[in-house]
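What follows is a single structure, and I will ask about it in a moment.
Should a chain be cited, it is by its letter among A, B, C and D, assigned in written order, with residues numbered from 1 in that chain.
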Amino acid sequence: MKSPLSGIIPPLLTPLTARDQLDVAGLERLIEHVLAGGVHGLFLLGTTGEAPSLSYRLRRELVTKSCRIVNGRVPVLVGITDTSFVEAVRFAEHASDCGADAVVAAPPYYLPPSQPELREFILELMTELPLPLMLYNMPGLTQAPFELPTVAALMQHDGILGIKDSSGDMKYVQGLLQLARQRSDWSVLIGPEELTAEGVLMGAHGGVSGGANLSPKLFVDLYTAAAAGDVPRVRKLQRKALQLSELLYSWGQTRGGWILGLKCALSHLGICSDLPAEPLRSLTDAERETIRERLAVLGLLPVSPSEVGVNE
Amino acid sequence: MKSPLSGIIPPLLTPLTARDQLDVAGLERLIEHVLAGGVHGLFLLGTTGEAPSLSYRLRRELVTKSCRIVNGRVPVLVGITDTSFVEAVRFAEHASDCGADAVVAAPPYYLPPSQPELREFILELMTELPLPLMLYNMPGLTQAPFELPTVAALMQHDGILGIKDSSGDMKYVQGLLQLARQRSDWSVLIGPEELTAEGVLMGAHGGVSGGANLSPKLFVDLYTAAAAGDVPRVRKLQRKALQLSELLYSWGQTRGGWILGLKCALSHLGICSDLPAEPLRSLTDAERETIRERLAVLGLLPVSPSEVGVNE
Amino acid sequence: MKSPLSGIIPPLLTPLTARDQLDVAGLERLIEHVLAGGVHGLFLLGTTGEAPSLSYRLRRELVTKSCRIVNGRVPVLVGITDTSFVEAVRFAEHASDCGADAVVAAPPYYLPPSQPELREFILELMTELPLPLMLYNMPGLTQAPFELPTVAALMQHDGILGIKDSSGDMKYVQGLLQLARQRSDWSVLIGPEELTAEGVLMGAHGGVSGGANLSPKLFVDLYTAAAAGDVPRVRKLQRKALQLSELLYSWGQTRGGWILGLKCALSHLGICSDLPAEPLRSLTDAERETIRERLAVLGLLPVSPSEVGVNE
Amino acid sequence: MKSPLSGIIPPLLTPLTARDQLDVAGLERLIEHVLAGGVHGLFLLGTTGEAPSLSYRLRRELVTKSCRIVNGRVPVLVGITDTSFVEAVRFAEHASDCGADAVVAAPPYYLPPSQPELREFILELMTELPLPLMLYNMPGLTQAPFELPTVAALMQHDGILGIKDSSGDMKYVQGLLQLARQRSDWSVLIGPEELTAEGVLMGAHGGVSGGANLSPKLFVDLYTAAAAGDVPRVRKLQRKALQLSELLYSWGQTRGGWILGLKCALSHLGICSDLPAEPLRSLTDAERETIRERLAVLGLLPVSPSEVGVNE
């Protein structure tokens, strides 16, 4: 794995055919779809991958099958975030056995640790992990941030590769970029796909863009333009990226709208099933139809003959 | 199990001798200690029991051993709160096999469900659970409350026994008590031990008081006075209950201070080990010594000969 | 003014006939209405009185006229909460000139002060104030709480009479009651009317109940029962108090629903105008009609002849 | 005033010599200092200007004197944010009388308005204002954001010039930039100085940078580089801008650290007094000395002879 880790590393969706049943054919098509778009790595079992909602058995199967499919073409990162230290270590061992390249961990997320507790938790974890670790800052869901002084302390550990930030707080990202100047092999990746371009313009190394499940090439192009400092091209591509999230990610009161929208869009493209894991629930037929229409607006799906002359 | 479930039901601490190793002798002494204090039931694997921090293997062992020790003397409730539907059901089956009386579930707690998603999650869960369910409202940690209309909807299901509220929001509890008038077998239990007395005065059925691990009789007496409407006695006992939490629960920046304080106090009493599960960390020697002194102030530990003549 | 201040002290609504125009006749009827209900004091220019939304000119007029109308029959407290120290002092001087008995101040509420800044702000204020001060804890709106150690420090100042808590956090109130044991003339008043009864049962001195604008006798009776430790009567009256807030206080997305509901109810009773100050907006005609019907349900308004035979 | 409003518009500090006493000579020096640095406008009475902490009398004096000093050299914007509609209008009339170019309003900030209430408040305000209005999004302090659909509705009003965003939420800023494509004279200004460069790279029109009180040229250069799409120069200047905020803005628990740090730095430069308005409090002597040393590190203050040979 080259260092620092950079580029677009999609947080892979987890295709399902039924509760606790992996959509293996869908998984294969999805991986080939994103690799064909030029992505620079894969991140399995993140928030977008619905990791916490899945049984451990299914999570293991997903890692096994994905590593086999990827077969070394790009680095594979595996989420091991867990509330239990013991379960996190056990899962990292499985990822290592499957040939994954690194693991990713957010703070344990039920009773939020203090910063000293978090630092010790990660350092203790490093004594047990068989693979390098990427930190995952996700305070909106874990309620425990990796504060900058904690990151500064953990950067001293060579086995920690970098940090993915999903806070959406670009002032914090500026602080991460200042810290990153201390280690040339340290990577700062941006979680929210709407902020990846500006993060990379300011010096970040890439993005873990959920939308790259659907439009891998768009996000790879956006990253490439930003890494080259091509501001006019960034602004043009950014509009397309924003349009994608505006049209596909908001569905009623759910907080998992982007997962539902992306799974549904991929089902319309014939790539995988749209079934989410509980507590998420499938979109309604009307919402599914709306997504199909919007995919056409986005140029991602040709208008089918059956729609000619349809009144709405 | 009588209905509605009432009285003091301690959220049992989980004694550990090492990482992923249950303190079986300590567990036995702890259970006998609280039963001797007159508690009306036990709640295993709640927040105080550090459930999310434990391996599933250890959680299973704890339920197996605890049910064997209790042997039907009081009802045993088992926490099955999980981010994964499949794991929650699997654990409930284990609790049922061990002879537990009911299970307890907070909302899945990584990506917070909307109220419709939460309602469907619980209703779907009811089709799979082998035991009755008590709801567990803990919005501070799960970020997803059981809002009153959701509770009203779930009350229609006979298999749901009641709700334990740990929000600390007594206006919400007033709403629960208004709803409770619809079902004579429905139970409203108060989580925060500082609020149990006033909750019971207003009509709640009891408390899941962490402090009852240490001083079961105090909390049983407080409950009894409140249930009898004996306001002067309530105010007198309440002062002792507040003193306990003021002296033992705050340690630095950790949010698990009450767990650390209670485990340490019980180790001073010779009941069980004080080791917490990660990400919590043991108190320092100085803090442990402070707790020993405060236990003497509380009248829970005789001053030992070695302390005679010590200046502070 | 007797000490500690106790009983029901309504946060008086501010009747308006137009923008920046006081409804003087309505004010007189409103004051007589609450005094007839037996309230123990009046609190002008609190949150319920829409103080921050009013011009200073109108606020001054309100204090002048209210003090004249009350004419010493009960103590009058005047809110001087302001973001500006200088304006707060100036307003306190006006209140003193009008014959008010005490002033009430929440923390300055734009840039939230730290606890040391808050403590110094209040102590500095005490050197300038011509009247005794009651603290007003309202962290939901000011973002700056009076934390318990700050209250403990401020209690050393004889000119500070007590604290009104509107946090709704009864664990905090328990802490206030523990502190209150240090000063026999110190008063703890409960803001949320739904929590006044249980607060008084546990030792609080009274309530600043918004609903007492409409039903002063109900809240006086509830306080009296709680102060006497009459638990069965408290529970019975509490149900009526809860019904009032459930039926009248929630209107769309506004956070000032209780003000709109109470003003509208009082206009139906012929007491004062229902006009709020910006940014609040009058209820719709349909909502006004709903309130009229609900007042009948609550027994506060006789069903008028025109409603006989109406289907809904 | 050219449109859209663009460039660096410092939120001017309010120099004070004593409580409620303007430092007029300091104000004159401060204005000349920032104009000499090339700023494109001035914003009086924002958060950095401590507006809510000042008496209305002093606020009026500040506007009168500042407009006289500026004398048309750059546009002057005046904050009229108030909890009271009537006071906001009155202040805007004063600003107009003094020759200011526009006014700026955040939502009324005690009881946070709902979005419909906020929209109506602003539209009603527009019927009374004598000057064009810039919206001011500051949800961290007002608790009421201008949500994107509200901005979209208010953009239809020609008298509204644009929006200054101080949320620090760059995803929201991306939404504002998408909306801004509808009106070529609409301005999006960035509040946090750490985010101005990346905002301008993505299409924003400028920044209301507090640090420009101290280093106006640095922020003007940063803006110019970003507006020209010169990414390498942006990254280089950004490091200097970040160093300034890292070294000068954090002092204990106060939330007004940047105001205290900037006022103190300007007093070391001989520009104006460092006295803040309550509830802020002056830094300690040790902190003042630290700032002096850090100004030397930043190259903003020459090392004085007295420091030669000093060990620390």
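For this structure, a couple of remarks:
The working rule: a residue touches a chain if its C-beta (ideal position, glycine included) is under 8 Å from a C-beta of that chain, and two chains touch if they have at least 3 such contacts.
By chain, UniProt protein names: A, B, C, D = 4-hydroxy-tetrahydrodipicolinate synthase.
Everything numeric in this text was worked out from a predicted model, so none of it was measured.
Taking each chain's centre as the mean of its C-alpha atoms, the one that lies farthest from the centre of subunit A is C.
Overlaying the C-alpha trace of subunit A on that of subunit B calls for a turn of 180°, given as a multiple of 5. Taking each chain's centre as the mean of its C-alpha atoms, subunit B lies 36 Å from subunit C. Centres computed as Cα averages put subunit A at a distance of 50 Å from subunit C. Shown for subunit B are the residues that touch two or more other chains, of which there are none. Residues 19-20, 47, 52-56, 58, 83-87, 90, 107-118, 120-121, 124, 141, 143, 252-256, 277-281 of subunit A are the ones touching subunit B in the complex.
Contacts from subunit B toward subunit C in the complex involve residues 168-171, 174-175, 178, 192, 194-195, 197-199, 201-203, 229, 231-232, 234-235, 238-239, 242, 246.
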